[in-house]
Each structure stands twice: as C-alpha cells, then as structure tokens.
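I have placed the structure first, in the form of structure tokens, so that the comments after it can refer back to it.
Naming follows writing order (A, B, C and D), and every chain is counted from residue 1.
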Amino acid sequence: MANTNVSIGKTRLEAFSDGILAIVITIMVLELKGPNGSSFDALQNLLPIFLSYVLSFVYLGIYWNNHHHMLHTCKSVTGSILWANLHLLFWLSLVPFTTGWMGQNHFAPMPTLLYGINLLLAAIAYYILQLTIIFSQGSDSILKKAVGRDWKGKVSPFLYITAIIASIRLPILALVIYAFTALIWIVPDKRIERLYQIKER
Amino acid sequence: MANTNVSIGKTRLEAFSDGILAIVITIMVLELKGPNGSSFDALQNLLPIFLSYVLSFVYLGIYWNNHHHMLHTCKSVTGSILWANLHLLFWLSLVPFTTGWMGQNHFAPMPTLLYGINLLLAAIAYYILQLTIIFSQGSDSILKKAVGRDWKGKVSPFLYITAIIASIRLPILALVIYAFTALIWIVPDKRIERLYQIKER
Amino acid sequence: MANTNVSIGKTRLEAFSDGILAIVITIMVLELKGPNGSSFDALQNLLPIFLSYVLSFVYLGIYWNNHHHMLHTCKSVTGSILWANLHLLFWLSLVPFTTGWMGQNHFAPMPTLLYGINLLLAAIAYYILQLTIIFSQGSDSILKKAVGRDWKGKVSPFLYITAIIASIRLPILALVIYAFTALIWIVPDKRIERLYQIKER
Amino acid sequence: MANTNVSIGKTRLEAFSDGILAIVITIMVLELKGPNGSSFDALQNLLPIFLSYVLSFVYLGIYWNNHHHMLHTCKSVTGSILWANLHLLFWLSLVPFTTGWMGQNHFAPMPTLLYGINLLLAAIAYYILQLTIIFSQGSDSILKKAVGRDWKGKVSPFLYITAIIASIRLPILALVIYAFTALIWIVPDKRIERLYQIKER
C-alpha cells in the first residue's frame, strides 16, 4: 500500500501541474482579442501577438513534455519537490503576461528583454527542480544517469542571457535566439526514454 | 510494469488534452459579455455571438469525442504523438478567438473565412495525429482497421475549402456548410467502437 | 481488460466534466472586477454581483455533486451518454454569463428571468442525461432504483417556471425561489448512496 | 470493490479541487495586464500587483499542499466532506479578486483589510473541513493524531485578525503579517507525513 500511496501523491502532483500548464497555455489566447474591424487589414495588426503566442505555445509544450519525462523517473514526492515544482509553475504562469506585452508592443526592446528574463527564470526553476528530484533519489538516481552531462540545460541559460543582452539593441536577434533555443529542446530527451526502457526490462 | 508505465504516459496525455479542451470550450463563453442594458433588446445583439458559441461548442465536443476514441486504440505514446497532439491542440486553442471575431462581426465575410481556415487547419492536424498513431502501431494497427476508408476525414477538408471560398460572397452558405459538416461528425465513429469490442473479447 | 477499458472511458468523461465545471465555477469570479476606488463604498456596488456569484457557486456545486453520484452508478459510457453529458455542460457553461448579467443589473426583471431559463434548461438537460443512463443500463438499472420517484427532479422545473414568471413583476420573489430550490438539492441524494452501499456488500 | 468505489470518489474530489485551485492560481495572472507603454517605467506601476500575485500564489500553493496531505488521510468521502470542501474552495476562489483589488490600489487600507478577511474566512473553512474529516473518521482518526495540537491552525486566525486591524492604519504591517503567516505554513505538515509512514509500514 505504501507504493500506491506514493504514486497517488505523484499523480496529484502531475495532475495539478498539467492543470496549471493547460490553463497557462490556453489563457494566452485571451490576448488575441478580435480586432474592431472585420477586414483582413484589421487582422494583420494581430500578427506579432500571434507569433508571440506560437513561440510561447511551443515553449510551454516543451516544458510540459520534459516535465512529463522528468517526473516519470521520480519515485516519491517530497515536500521539497512540491515546492520546487510550484516555483517552476510560478515562472511559467507569468508567460501569458510577458508574451502578451511583447506581442502588443511589436517586439519592442524592453518587452522582448522581459520575455527573455521570464524564460531564464523558468529555466533556472526547472534546473532546481531537476536537482531536487536527483537529490531525493539518492546515489542511484535514474534521472541523474538519464540527464548525463545535460548540455541542453547548461547551454540554454547562456542563450537566454545572450538574447536578453541582444534585445536592448536588436530585439529581432533575441527572437531568433528564443526560437533557436526552442528548436534545441523540441527533441524530447531520448536519453531518459532509453534508460527508462532499459531499467524496466 | 512496462505496461503501467506506458498507460500512465497515455493517461497524462489524455488528461492534458482534456484540460486544454475543457478550458478552450469554457473561455469561449467569456466572449458573451453581458450587454449594457437589462432589456431583452440588448440581449438580441448577442444572438450571432451565441450562435457562433453553439457551433464551436459542438465542434470542440466532436473533437474531444473523436480524440477520446482515437487515443483509446493507442498503446504507447511516442514523442511524435505528443507533438502531433500539441499541434492539434494549438489550432483548437485558436477557436475561441476566431469564434469571437466571427460572432462580433455578425458573420461578415472575412471572419467567417478565417473561422473556416481554423477548422481546416484543425482537421489537417487531426489527420496528421491519426497518421502518427497508425505509423507508431505498425502493420497491425487497430486504428488503421477501425478508420478504414475514413470517408468523413477525406470529405471534411473539401467541405471546409468550399465554405472558405463561399464565405467571400455568401457567408451564410459557409455557415450552413460548417453546421452540416459538424452534423456528419456528431455520430461517433461506430467502426472504432465495434472493432475494439471484437478485439477485447 | 474489457472492464478496464470501460472504466477508462468513464474516468475521462468524469475528468472532462470536472474540468469544465471547475473552470465554469472559477471564471465566474472574473465578473467580480475590482471597483475603481479603494473605499468600502466602492465595494458595496459589487454586492449584487457577489450574491449572484454565491447562488451560482452553490448551484454548480450541486450539479457537480449530483453528477458525481449519478455517474457512479454508470457502468459503461455510450455515445448517447457522451452527448447528453455535453448538452448538460453546454447549459452550465452559460451560467457565468447569465449570473454576471443578473448581478450587474442588480436583479432587474429580464436578467433574472434569463437566469431562470438557464437553470430550467440545465435541469432539463440533467433529466435527459439521467434518462439516457437509465436506458443504457437496461431493466436492472441501479440509477432507476436509486432515483425512485425523483420528486426533486419533478418539482424543480415547476419551481423554475414559477420563478421565471414571477421575475417579470417581482424579481425578488424569483430569487427567493432560486435559493429555495438550491436548498432542496443541497442534501445529496441519500437514496443513491444507500442503494449503492447495499449493492456493494 | 467497495474500496475501489470509495477511492474513485476521493480521486474525483481531489481532481476537482486541484482543477479549481489550478484555475484560481492561473487566472490571477490576468490581473497583470500589459502596461500601455513598452518602457521599463510602465512596468514599475505593476510592481504592487506583481507582489500581491506572489503572496497569493504562495498562499494558494500552501493550501493545495496541505489539502493534499489532509485528504491523504481521508478514507471515505461523505456528503458533509464534499460540502465542507466546496465551502473552502469558495473562499479560495475569491482570492484573485481580493488580490487584484489590493494590488491595483497599491495596498490601500480597505483592500488590504478585505484581503485579510478573505484569508481569515479561508482559514476557518479549512478548519471546518479538517473537523469534518476527523469526525467522519471516528475515534481512531489518523488526521486527529497527525494534526495533534495544531498550533499553526490555532495561531493563524489571530495573526489574520491582527493584520486586519492593523491594515486600517498601517497596511504595510498587515502585509508583513500576511507574509509571516505564509512562511509559518510553507513547511508542510511533517507530522502527517511521519504518522502516515508509520501506519503504512
């Protein structure tokens, strides 16, 4: 029964995280307010908001995806994991705000910079959650083996920082870096999948 | 345990999709803002918004329903399925926006056209998801047998394209086609249900 | 495995319904917009909106509660049940709109009348769902035995219709009837609970 | 099977509560409307709204966390528990409103007072839910043993009342007390975790 108990705790953590991520993704679309006119021109003004939405949708999809793989390796849920997870959800919950501000201002420097800071803080929160789970699993941590050198996790903050600096002078470059970083992550962490399958045999 | 593991992955995919669909359906109602007056006349102006809401509610209900049957046949969740699913959810998440714009503009040509494009892109995304699941299941795919010739899936895009073209001159015809296509789909895919029951005996 | 299959379908139906009900309950609070001033007087104008919120919160709580008990007796989920359930969710999804309009207009006749129509249509949809489940269960339906004469289900529509008529001249009477009907339902259907416990022994 | 039945009821209660809490947490971010300008100064005006958001995010995180531990000890779900739970969710659902009003008015006395009343009523509702579960569990209640003297539960209302009184003259003191009370609770109830682990061995 101890096992059932633990897995229920994990199930609820996953369900709660999924709930928040699903809502965060969906309320972003509330920024896409129908333009006043009914012409095609009226729609064109929404293009930057739409593009910001696409970018953030992909980012939140990546987070959901990786979160899903990461928690898979997690056997028990401790209080520290709960709070590290809430910390990650906090930064992700701000994405609709920073996305909307960036889109509405047609990728002006300051909103593009703030978007990058949001991504950076979410990445740091994800890294803290990863460390917390590895720590709770002890020396034979599946996640530790799976993550390995974790070059994506290590490179991303530098890319975000580069983009944040770039956004002051050249916001378009920042956007290219944000999109590029998303592309790196779109491939799910095959290493976790592989190791997990080996373990289960 | 490998089986449990896979089914948890699928459960989370379903829960996440349900979460997003539930929110998408519900935030559409936020477009129905209470009119300023408290008279019955004030309410009448909301009629086109209400009718758009009904249409989109039915469409999202159909997608939830068919998505539910389709994932039923899915044994394991791969990275490709996760992303094909997110792609479908992306286009469905735009439905509240296109619905609201169409309703607010009393079915003007351009918004009615955009609504059709949204439906078309969602249909294509659904088709891609279907192919991805069939591909992952290999040669003895349950879904492939169940879907069979899939006349609904093949006819719908043509109906949407016809409606999109019609909406430029005759938006009312486009609406009739949208409603008609919804009617075709309301009947759940009996073939999947039937085949599945046979398999399980 | 057939049994697992069926219960997964039911689980997803429950999860989707819970999701929609949870969102419907919560977005109602978006009607409670912070008043412009920061004084206590500014807050008083929100009182009718707050009272409408309380009433609708209780009603949606009742629906969730009874829905929960009703689906408990449901062994298998058919296409008809899925659509009867979506039909119920449709009318419940309109509650935030009718609640907001009634509150903003300080219980004026027409909005109070519309609120009653919404409650009436939701009650009819609930009744249709109940019939659909009983029909699908066949002659030894648990739900049929549990519901018995169903005096609450039969009395409520008459109370709603009385309130709808009353609201034209005396909206305050309509509100009293809405609150009274809610009170009748707050007691969960002990009969279902009792019968179900007997069956499980 | 009786056991499965009970646990499904509990699962749905947890899922519904999680759904509402997830939405309540997330819609708070809708208060953070992108400022009109794209400058850093425009952003600074949002600081009080942001700080209110952080405070309420932490409070709702604490409630989710403790709710999670409390329901863990709950074997069966009665009608009284369902309603005591809905009562708690009602007060928590008002948090986005009181948070938004407090932030928009830069912590003016009246909104800060109302925020405290909201926290107080949620705390009372939590206490009632706790009593209801203990009562339903009978004399060998796990929760009763786990909660023990419950000094946090007893001290919090006094802290809230002190803050409410303080907010009339010195809102900043009220905020310090709100933050301090949150800090007390951030540590999850180790006692429940400990007792539960003993029981399960």
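In this section, a residue touches a chain if its C-beta (ideal position, glycine included) is under 8 Å from a C-beta of that chain, and two chains touch if they have at least 3 such contacts.
Since we're looking at a predicted model, the values are computed, not measured.
**Student:** Touching chain A and chain D alike: which chains?
**Tutor:** In this structure, no chain contacts chain D and also chain A.
**Student:** Averaging each chain's C-alpha atoms to get its centre, pick out the one most distant from chain A.
**Tutor:** C
**Student:** Between copies chain A and chain B, what's the superposition rotation on C-alpha atoms, in steps of 5 degrees?
**Tutor:** 90
**Student:** How would the chain B/chain C interface be labelled, same or different, where same requires over half of its residue numbers to be shared?
**Tutor:** different
**Student:** From the mean C-alpha coordinate of chain C to that of chain D, what's the distance rounded to whole Å?
**Tutor:** 26
**Student:** Can you work out the whole-Å distance between the CA centroids of chain B and chain D?
**Tutor:** Taking the average C-alpha coordinate of chain B and of chain D, the gap between them is 36 Å.
**Student:** Find every residue in chain B that makes contact with two or more other chains and list them.
**Tutor:** If we look for residues of chain B contacting two or more partner chains, we find 15, 19, 23, 27, 30.
**Student:** Going by the touch rule set out above, what shape does the chain contact graph take here: line, ring, star, complete or other?
**Tutor:** Topology of touching chains reads as a ring, each chain with two neighbours.
**Student:** Which residues, counting only chain D, touch chain A once they are in their complex?
**Tutor:** Interface residues on the chain D side: 14-15, 18-19, 21-23, 25-27, 29-30, 32, 34-35, 38-40, 43, 54, 57, 61, 64-65, 68, 72, 186-188, 190, 193, 196-197, 200-201.
**Student:** Going by the contact rule set out above, which residues of chain C touch chain B in the complex?
**Tutor:** Interface residues on the chain C side: 1-2, 5, 8-9, 12, 15-16, 19-20, 23-24, 27, 30, 79, 82-83, 86, 89-90, 93-94, 96-97, 100-101, 104-105, 108-111, 114.
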